[in-house]
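All remarks here apply to the structure that follows.
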Amino acid sequence: MADYIVLELIKSEGLAHLSYLVGNGTQAAVIDPRRDCETYISIAQSQGMQITHIFETHRNEDYVVGSVALQQRTGAKIYHGKALDFSYGNPLSEGDSFEFGSVILKVLETPGHTPESISLVLIDKSASDNPLAVFTGDLLFIGAVGRTDLFPERAREMAGLQYDSIFSKVLPLGDHVLLYPGHGAGSVCGSGMAKREFSTLGYERLYNQALQKKDRNSFIEMKLAEKPHRPPYFRKMEEYNQQGNAPVLPQLPTPSPMSAEQFKAARANGMLVLDVRSTEAIAGAFIPDSLALPNDLIPAYGGYFLSYDRDIGLVAEGQQQVETAVLHLMRLGYDRVKGFLAGGMRSWETSGEQYDQIPAVHVDKLVERIRAGADFILLDVRKEEELEKSGKLPGALHIFLGDLLEHIDEIPKDKTITTFCGSGQRALVAASLLKQNGFKTVEDSLGAMEACQAAGCPLEKVETAP
Amino acid sequence: MADYIVLELIKSEGLAHLSYLVGNGTQAAVIDPRRDCETYISIAQSQGMQITHIFETHRNEDYVVGSVALQQRTGAKIYHGKALDFSYGNPLSEGDSFEFGSVILKVLETPGHTPESISLVLIDKSASDNPLAVFTGDLLFIGAVGRTDLFPERAREMAGLQYDSIFSKVLPLGDHVLLYPGHGAGSVCGSGMAKREFSTLGYERLYNQALQKKDRNSFIEMKLAEKPHRPPYFRKMEEYNQQGNAPVLPQLPTPSPMSAEQFKAARANGMLVLDVRSTEAIAGAFIPDSLALPNDLIPAYGGYFLSYDRDIGLVAEGQQQVETAVLHLMRLGYDRVKGFLAGGMRSWETSGEQYDQIPAVHVDKLVERIRAGADFILLDVRKEEELEKSGKLPGALHIFLGDLLEHIDEIPKDKTITTFCGSGQRALVAASLLKQNGFKTVEDSLGAMEACQAAGCPLEKVETAP
Amino acid sequence: MADYIVLELIKSEGLAHLSYLVGNGTQAAVIDPRRDCETYISIAQSQGMQITHIFETHRNEDYVVGSVALQQRTGAKIYHGKALDFSYGNPLSEGDSFEFGSVILKVLETPGHTPESISLVLIDKSASDNPLAVFTGDLLFIGAVGRTDLFPERAREMAGLQYDSIFSKVLPLGDHVLLYPGHGAGSVCGSGMAKREFSTLGYERLYNQALQKKDRNSFIEMKLAEKPHRPPYFRKMEEYNQQGNAPVLPQLPTPSPMSAEQFKAARANGMLVLDVRSTEAIAGAFIPDSLALPNDLIPAYGGYFLSYDRDIGLVAEGQQQVETAVLHLMRLGYDRVKGFLAGGMRSWETSGEQYDQIPAVHVDKLVERIRAGADFILLDVRKEEELEKSGKLPGALHIFLGDLLEHIDEIPKDKTITTFCGSGQRALVAASLLKQNGFKTVEDSLGAMEACQAAGCPLEKVETAP
Amino acid sequence: MADYIVLELIKSEGLAHLSYLVGNGTQAAVIDPRRDCETYISIAQSQGMQITHIFETHRNEDYVVGSVALQQRTGAKIYHGKALDFSYGNPLSEGDSFEFGSVILKVLETPGHTPESISLVLIDKSASDNPLAVFTGDLLFIGAVGRTDLFPERAREMAGLQYDSIFSKVLPLGDHVLLYPGHGAGSVCGSGMAKREFSTLGYERLYNQALQKKDRNSFIEMKLAEKPHRPPYFRKMEEYNQQGNAPVLPQLPTPSPMSAEQFKAARANGMLVLDVRSTEAIAGAFIPDSLALPNDLIPAYGGYFLSYDRDIGLVAEGQQQVETAVLHLMRLGYDRVKGFLAGGMRSWETSGEQYDQIPAVHVDKLVERIRAGADFILLDVRKEEELEKSGKLPGALHIFLGDLLEHIDEIPKDKTITTFCGSGQRALVAASLLKQNGFKTVEDSLGAMEACQAAGCPLEKVETAP
């Protein structure tokens, strides 16, 4: 029995997804649970509480929401905004209110990120009937606001709704109100978030850059000028999270260890080899035709390159990396992880099978080459906004990593390609994609733009697209 | 990938059930898994192995075997002796053999405890093709042998089969062979086991008391003279473990916290209140009509007093006790744990509800009373073998705890009843049963026989039943 | 390396002491560390940070501060307010400022609770140079303010200073500023705290009852009217925390298991037997002359009854209770825990030694007795403020638990004494003290005032002392 | 209080060092504790036991024994063989005997590995007064016997003593006796151990290859023919373990995170950069002049290349690798780990600093080159016994890794050097040493001999040295 009010933030690293468990006495609610929902149950249990309510702030598009899974485990009821036709759960309207001991959660309809987005106001009735905190989902973040481009044909309308929700509904709750958003820095659901998980409405009102456009029209224009990327897996997430039909996994999947021989055979039968080791380890030796995606890139980039229709076999360094990969993948709905290479890359090497490497090129050398007019392609795969912010090396060809496969024909196959990004990590993914697509001479510039900045490379300014 | 041979003993406390995970390379087997089978998967996973085989040494009668549950999680195949018609799994015959890296497991048919009992011989083929260890199930324990009374009409035959299995099949494997049995001390499947989990065939051959009857007939007579108790829940276990139809629980049940009010209401609706706290805590205050069964007595005595057809509500001290109780109960197949009293006994006390206590009587006082010819009933609930071994207090009425409800009418309701056992713990259970059945004045002699022995109480010898 | 700003609250249960680890990049600070400081190191290490600074908001009087211990482990520098002559660490003045990646901590001198009290303002310079949060030590709590009675001769002055610190320094930081105080509900350093660990200056300005006296004089009068208790161990804590001379324990003490015989012998040699089990377990059976102090009462009441000059032997139920007791005791500076009774209370009972019980009396029975004018003493040991708030049973004798030993001669030894408090828990401590002091017939009213309220007992109003 | 006999094997991975905790009731002994001795205390505490005795089977030469550290924590007494003049602890003689509940440990003097080596016979007196198990230290392993070359001038004598100890003292305890040795496979204290941690004297008598020389002289000749390597750090271990003067570390060291800049500066001041990442990760990018020693090679090879007089800075992938490295290093007495590169290798790359790579050469390519008579050096760094067992590639130059620095002048600096070993891992260490010593063109053959065997490379037989 929780004597104190329990308010726990549960963060899914990589996705930078923030979910919450709030409770008091014997009852608790979970807001935007993730699919691997054991955590919430453990917390509730350790406090002698039962999870009775699950709230979704909106139909999440970037991960599989865990509401149905958590409901199966706990019997809790699911609630979400009434402005979308969900195939499960119960609709909420402005003013609906729920009690958990001394805690009251009260619904605000706050469209903008999506039409059905809601915010939940937290009241501690033992102290006051007025708001103490607010859960804003993807409407308002710490240091940023949510994206409003998910309904392209309604982009202007959504931006306006977001302005209204923030300025007329949320901020008026008061400067003193604690802010609990649905994402932190690194999420694909917004950009510019602060690297911090605590703030208040007053602090955001004053210092959140996105809230300094206090005029409705300027706010809308600001939002319309943004061009966030939309990974293809969003479609699957939207389906899952509207229909509630993502498979419920009673436990985390436990992929099987596979010998080098079994691994090779499975690959021959169509299994995708996914290498989740560090950039350096992959550069040092990898299985030809594998997809390089170091574990911490899976949440942001897995959805561009992975298919829901194909088995996956992991190359990892140790059991912990296998488990992290499985977790990241299942949060994006990729459940077909068939196995992992037992004994890691070394067992491949010692089996006599072929392996490949990616040479690394220091930025000093790049600068030299550029100065010397060397004949090579410097492929920069960063986001446009990064180029605009930091500039680029002279002569670099720019294709955003997420768009690389679409534009791969624009890259000459017979030249040396040196991939480039912020630190060299995404460049490795690009290098891997090029290798998979038949490019022979591919290098990665480890250190990349950050090394350029530290080393004082000559950079070109990149014009902001109109 | 397990470089070393992995051999892990997994013990279920209380039941004193010993299960094993054996593996090498990428494959592992589990022998006699328990129902909460997550442990095996974790161990295998941490070693980079996959569980591919499940062996049952026999149809276990004292707990729900976890084979089907573990199979659902891992896809492993199940195997057991061919002499019983199981509704699941695959039959094994003498000489069948399985490989896991350098480990070979080879089947011996070793009837005795049950007709289909098998033993599994472990060979490390990297060292020799000869036996290194043997898993004997309930045939041969450390310091004892398994019971042979489970088929009363075939008691003599089973005892003889057991003699043959031990003396003609298992012991001949060699003195140097390591022994891995299915139970340790405290199990209801045998008595006299050593409080130790390591031994060899040679050590047992030399020092196991039950193996000193080297003559077949004397061995059989020794076994026939034993009168082990047979808790009524065995029938359910036998059904579950033959049919394989125990419900598979994807996770451990998580009972809900219930307020004193909810708890009272549920009790009114037929929920059994099960108090799993320590003897002293129950003696200090308990809910009238609850069943007192401190957690560590559940495995041995739960099966006498609990019903499969009734909800259970727990009174515990802290979350850990709740979880232990749930574990003990589910291993016996009691899955209907509805909830627990949130806030523990104190929340009952502060709710204004009635509570009761059990007064404790020191053995000095008992002796005084007996000497003075006081008018009270001293009810000794130990097993007959304990009385035979240690004697009893003069005038004590003996009814074994497991038989108490059947014989409750033999106890006068209008007298003070002082319950008595080895240490006072089972006496408390007896006191609780008496209270539930309308006895008004009930006391418990904390310390009981052990205190008597320490204090030098005058004891009467008890004749061995013919 | 912490990419995100790390802000972790570390709570010491029982003391309701809140400490904090704040950091970014490779450096972190700890504010008001506890003596068992491993936690801070683990958190820092898991984030790739090093603890380089330790701040004390004031000379803590209710627990042994862990600054020196943490300094020995990490090499960090210690800082505290300059208005007290500490024998260790470095003095801080208004405006001093420290950087940890993007975090700035800036000193405010905020006397009131003590003269040298400081607050630390947190700034996230990546977002703004203005305050985001404030650590207020024992100046301002969530729902309450710190006590100002610790310098009795300067009571009025301290209350005034506190007013000024709160209203002229802290609240002006802005409504939007997050509040991180030094204690939560249950601490002996204040009363009326909210059962919640998140708030803002604005929320407190609006709803903290103690801040509604907005006039300086009324605020001072309010503070002067309070009469908080001051346990005798405060003197030791003040010495330790000013001199920095509490022994540094490299690890948590691990008391030795002692057989009943060893335990008895040690008791004969002066060891205090401290029983930390639950109220009910102690009531059910305890060792004569032991001090009953269930684990969760140690932080608030241990300092009244324990001596720094005497060995302590624990009676506990399981290893977890032993460890919790050791932790609670060492935080109060009680390091002489010699051992614990191996096998718990049962091993005492079975050794043939004497034990005692405390009968429980339901409030219904108390009311009956009072109505019938029965000849017994109802001893209410709650705090005066509790009596004033809830009233008392007619005829009850009131002596606050902390004052019981001083006033024990006022209680007639020849009568039945029934102890009483809020729930029955402190009443048990009182009963234990009476038993130790030769009272023969002592009972505890389990449920006590809360049961009275639930059951609707007739209560008398208690006049507020002028 | 341990009801059961507790016998826990505590394994130090890498060193393949096996230590044991044995106890019953309230007392326990530890045999050959490691320096990080918290584990033993935790196990004892969790079982309600106190560690009262510490036994050393001999003066260990391959790791810092933890006896003094454990004594400081527990107050236990230390014991070792009387035939060496230790500066701490108490001498043991044949027949000395110690009781822990029902466990008796009895001393056998069993010289051979060292003169003062003892074995400890375990008796469970509740079952029999005869031996149940024996702890043999480095006398007798599972599948092998200990080395007898540590006193070169007495080599023949020691081999003879070992024969006598095994054949006249240990084996006669009986085939049924369980064997608990001081090391497992991978230890530098013997070779040929089985990859298994359970055996009996009988099984060893029958199948341990080293025990098949049943004649004393043949046994001695067999031992004298062995040429085990003796890493230089043994001298330090021998000093520490005889004097008992290794520093006692109250906790595991926690190295500080260092920015790339700090790391570079410390390196300039003499800090050794030790790269403990995986072979592939190091091959992919490493800091010039660092020593490559993947974590799992530290126990066996750290003692060849590390100095006790120099600070160490780690390059690792994640906190876990840092902690593992610290553990491995402190077990060998390397306590000067100053810090680790915060953010790992990537932070070095992005700082603009230079990095290097090691190209990998597949064995197919090696064979091609050899066939084509290419001008390169194939440097095989395996142990002589490995070459004798598996052969070598034609033309390979053989220098054992541990001897590489001594013989480095024998390798031509102007040629391409391709390093080679069993799997490519030690080859990477060799490549790193060559790079540090000014070799420009260095490659590593990942997969190495194992890949050769899988791929069917042509191999040359290597003659056994006479």
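Each chain carries a letter (A, B, C and D) given by its place in the written order, and its residues are counted from 1.
Following the convention adopted for this analysis, a contact is a pair of C-beta atoms (placed from the backbone, for glycine too) under 8 Å apart; a residue touches a chain by one contact, two chains touch by 3 or more.
These numbers were taken from a predicted model, which means no experiment stands behind them.
J.: For the interfaces A-B and A-C, which has the higher count of C-beta pairs in contact?
T.: A-C
J.: Please identify the chain with the largest separation between its CA centroid and the CA centroid of chain A.
T.: Result for max centroid distance from chain A is chain B.
J.: Give, as an integer number of Å, the spacing between the C-alpha centres of chain C and chain A.
T.: It comes to 43 Å between the two C-alpha centres.
J.: Go ahead and note the Å separation of the Cα centroids belonging to chain A and chain B.
T.: Chain A and chain B have C-alpha centres separated by 49 Å.
J.: Would you give the residues of chain B that are in contact with at least 2 other chains, written as numbers and ranges?
T.: none
J.: In their complex, what parts of chain A are in touch with chain C?
T.: 3-5, 7, 102, 124, 126-128, 130, 132-133, 143, 174-178, 184-185, 194-203, 205-207
J.: For chain A, which residues count as touching chain B in their complex?
T.: 1, 25-26, 38, 41, 45-46, 48-50, 73-74, 250-251, 254, 256-259, 319, 342-343, 347
J.: Residue numbers of chain A touching chain D in their complex, please.
T.: Of all residues in chain A, those touching chain D are 277-285, 317, 320, 344-346, 349-352, 354-355, 357-360, 362-364, 423-425, 446-448, 450-455.
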